[in-house]
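Note that the chains take the letters A, B and C in the order they are written out, and that residue 1 is the start of every chain.
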C-alpha cells in the first residue's frame, strides 16, 4: 500500500471518514504520521472552540471580579478558584462521571423533553469542560490586566467626557486586551496542549475516533515501541504551537498598531499566569 | 486492623464503614497522599536547580552550551508534558541501566538492543532483581521525580532566564562601575535581584506542578489517582468489601485535596512575595512603601 | 550448640544461594477473578495462586508487581520484570514480540453482557477495554466500539446506559451478572477468541520458559490446575 493510499484511507479517520478499521499490520511511519495527524483535528476542534466561547465568558468573569457587589464578585471568584485550583485531569473525570448520571430519557421540563445523552460524548462534554476551564484561566489574566490599566488613561478618558459604558468600550476594554494579550497567547498554547487529556481521562473514544495522543497510544500499543509515535505527537504539537504564536502575533500587532515601535509589547513566553 | 473486622461480610452499618475505611488498601491510599507530597517537596528544589542551570547555560558565552540551554528552555514550549511522561520513564530507566551496563558488565560483546528487547547483564539491573518491592517502588518514585524535575526544570529555566533579563541594566552597570568582575556582578547583584522578578512566575509554576501530579500514575507510581480508581470501582463478592461504583466520591475527595493544596500554597506564597518585594523598585515594592508611611 | 548454630547459618546461606534467582512477575491487578488487588492491598486471585504454585514447582523465588495494562509489554521488554501473568490471551500479534508459556487457562469464551436481553450487539454501542483482543473483535464486528482504559469502566458504561453491552472474558463478567439481581444478562452466543491464556516472557528467556512450561505441564497432569480454577471461578470456569 502506497503512502498516498494510506493518506486517503486515514487522513480523516478521526472523524469517521475513510477506512473502517485501523491498520493492523506493518505500522509504517507513513501510517503513523497520517493517523496521528488525523487525530490532531480533534485537538484543534477542542482548543479553537473552547478558546472562542471561553473568551466571552472570561470577559464577563473578569468584569464580575472587579464588581463592587459581593453577590456578583463572590460567585465569579469561586468559579475561578475551583477551575484554576484543581487539575484538569480530575475535572474531566468528574465531569464525565456526573454527566452519565443524567437520565437517559432526557429531562422533562414543563412538558418539553430536553435530551441529555449527547452531553456524555467527548465532542460536547469535554468541550464544555475545556470551555469552563479556559474561561477561568483567561478571566484571571483579564482581571490582572484590568487592574493594571494606567490610571492616567482613565483620567484622560474622563476628561474627554467619556463615562460608563462608553469609557469601558473605548478605553478600558481595548487597553485590557492589549495588556493581556501576551499572557493570553500562552493560555492558548497551553489549552492546545491540554486537549491531549480529553481521551486520556474520563471520556471514552467511539469507533476508534480519537485525538492525536489516542492514536499515538494505539501505535505504541501495537508496535510495543513508544519511541516513535510519541515523538511524532511532539513534532505535530511544535508545529501547532508555532501556528498559534504566529496567529496571535498577528492579532497582537493589530492591537498595538497605534503605539510607537519601541513601546509595543512583544509576545514572549512569560509564564506568570499560565496553567 | 480491628478485631471486629475479621469477617467483613458479616458486619454492616457504621462498623462496616469503619472497617472498610481502615482496610489495608485504604491505608495504602492514605500513604499515597504522602507520596504525592513527598514528590512535590523533592521535585521543587531539583527542578529549581535544573532550571537555574538551564537559564545559566542559555546565557553562556560558549556557543554549544548556549544552544543546549536554549534547546532545553524551548523544550516545554510546544509539547504537552503528558507526551514526555509517556516515554521518558522507560527511556530514563534504559539509559541508567545502559550506563551501568558499560560500567559493571564483563561481557560487552552482546548487543544491548536486540530488536525491541533491551538486554543488560544481571549485575547491571537497577535496582537488582533481588531487591525488595519497597526498593523497586523507591526506584520508580526516583524516576518519577527525575522526569518531573526535567520537565519542570525547563519551565523554571524559562522563568529565571526572563527574570535575569528583567533586572534593570543600570543596577548591573553600577556594579561594574564599582570595579566588580563579571562573576561578581552575577553573584552579588544579578542573582539576588532576579528573585523578585522571578517570583510571580515561580509561584505559578508551583501551582502547575501541584496540578500535574495526577499524571503520576503514568510513571508507574501508585499515586492517589491510581488508588481512587482502584478503590472506587465496582467490587464484586471476590473482594472483602463489595460495593457499587463509588469512583465519583473518591474523585470528589481528590478535588477537595487539590483545592486545599492550592489555597494553602496561595497563602504561603503571598507572604513570601510580600517579604521579597520589600524595598524593591517595583510596583509592589512601591505600594508597600506607601502603605508603610 | 555453637556448631549447630553455625550449621543452620551455613544451611540458610546455601539455601538462599540456591534460590538466588528472583523472578519478578507482573500483573494488572484489576481483572478479578484472574488477578486483583485485595482489600489488604496485595495481589490476589487465580493467577496469584497459580503463579506462586508454578514458582514453587520450578524452585524459583518470585515477587509480584503490578503494571498498567497499556505499558505491560514494553516494560517486560525493558527488563523491569521477567514475566506477565495478567490474563493475557495468546495471539499471533503478541507472539511476534514476546514468547508465551504453555497456556494455563483454556481458550477463553468472551461474551456480551447487556442491560436487557434484546440488546442490539450487532450494530449498537459495545464497550470493551482498550487494546484487548475483545476490542479488536468488536471493531471488526460492525458494532460501534466504545473504549475504556480499565475493565471496570466498561461494565459501568453498560450500567449507566452509555453502551448497550460490554464484551469481555466471560469469567470476568460472570460475577457482575450473578450479583446484579437480573439487571445485567448475557446476550448472544459466546465467542471463542485467542488460543488460551499464557505467561508472557521475553523471547530470549528460553530457560525460564522451559521451567514454566514444565511446571504448568505437571500441574495439568495432576489436576491441580483444575482445582485452582474450580476454587477461583466458583466452579464455572473452563477446565482442561
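The working rule: a contact is a pair of C-beta atoms (placed from the backbone, for glycine too) under 8 Å apart; a residue touches a chain by one contact, two chains touch by 3 or more.
It should be emphasised that the depicted structure is a prediction, and the values quoted were computed from it without experimental measurement.
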{"item": "If a chain touches subunit B and subunit C alike, it appears here", "value": "A"}
{"item": "From subunit B, the most remote chain by mean C-alpha position", "value": "C"}
{"item": "Chain pair with more C-beta contacts, A-C versus A-B", "value": "A-B"}
{"item": "Chain centroid nearest the full-protein CA centroid", "value": "B"}
{"item": "Centroid spacing, where centroids are CA-atom means, of subunit B and subunit C in whole angstrom", "value": "33"}
{"item": "Rounded Å distance between subunit A and subunit B, as computed from the means of their C-alpha atoms", "value": "24"}
{"item": "Whole-Å gap separating subunit A and subunit C, where each centre is the average of the chain's CA atoms", "value": "40"}
{"item": "Sites on subunit A at which at least two other chains make contact", "value": "101, 217, 220, 224-226"}
{"item": "Sites on subunit C at which at least two other chains make contact", "value": "71, 74, 77, 97, 153"}
{"item": "Residues of subunit B engaged with two or more neighbouring chains", "value": "90, 116, 247"}
{"item": "List of subunit A residues in touch with subunit C within their complex", "value": "21-22, 24, 100-101, 104, 117, 120, 204-208, 217-218, 220-222, 224-226"}
{"item": "Contact footprint of subunit C on subunit B as seen in their complex", "value": "8, 23-25, 27-28, 90, 93-94, 97, 114-120, 125, 129-130, 132-133, 136, 217, 220, 222, 229-230, 233-234, 236-242, 245, 247"}
{"item": "Subunit B partner contacts - residues on subunit A that touch it in the complex", "value": "81-82, 84-90, 93-94, 97-98, 101, 189, 193-194, 196-197, 200-201, 213, 216-217, 220, 224-227, 230-231, 233-234, 237-242, 268-275"}
{"item": "Interfacial residue positions of subunit C with respect to subunit A in the complex", "value": "70-71, 73-74, 77, 93, 97, 125, 127, 130-131, 136, 139-140, 144-148, 153, 157, 160-162"}
{"item": "Of all residues in subunit C, those that touch subunit B in their complex", "value": "20-24, 29-30, 32-33, 36-42, 45, 63-68, 71, 74-75, 77-80, 82, 97, 150, 152-153, 155-156, 159, 175-176, 179, 202-204"}
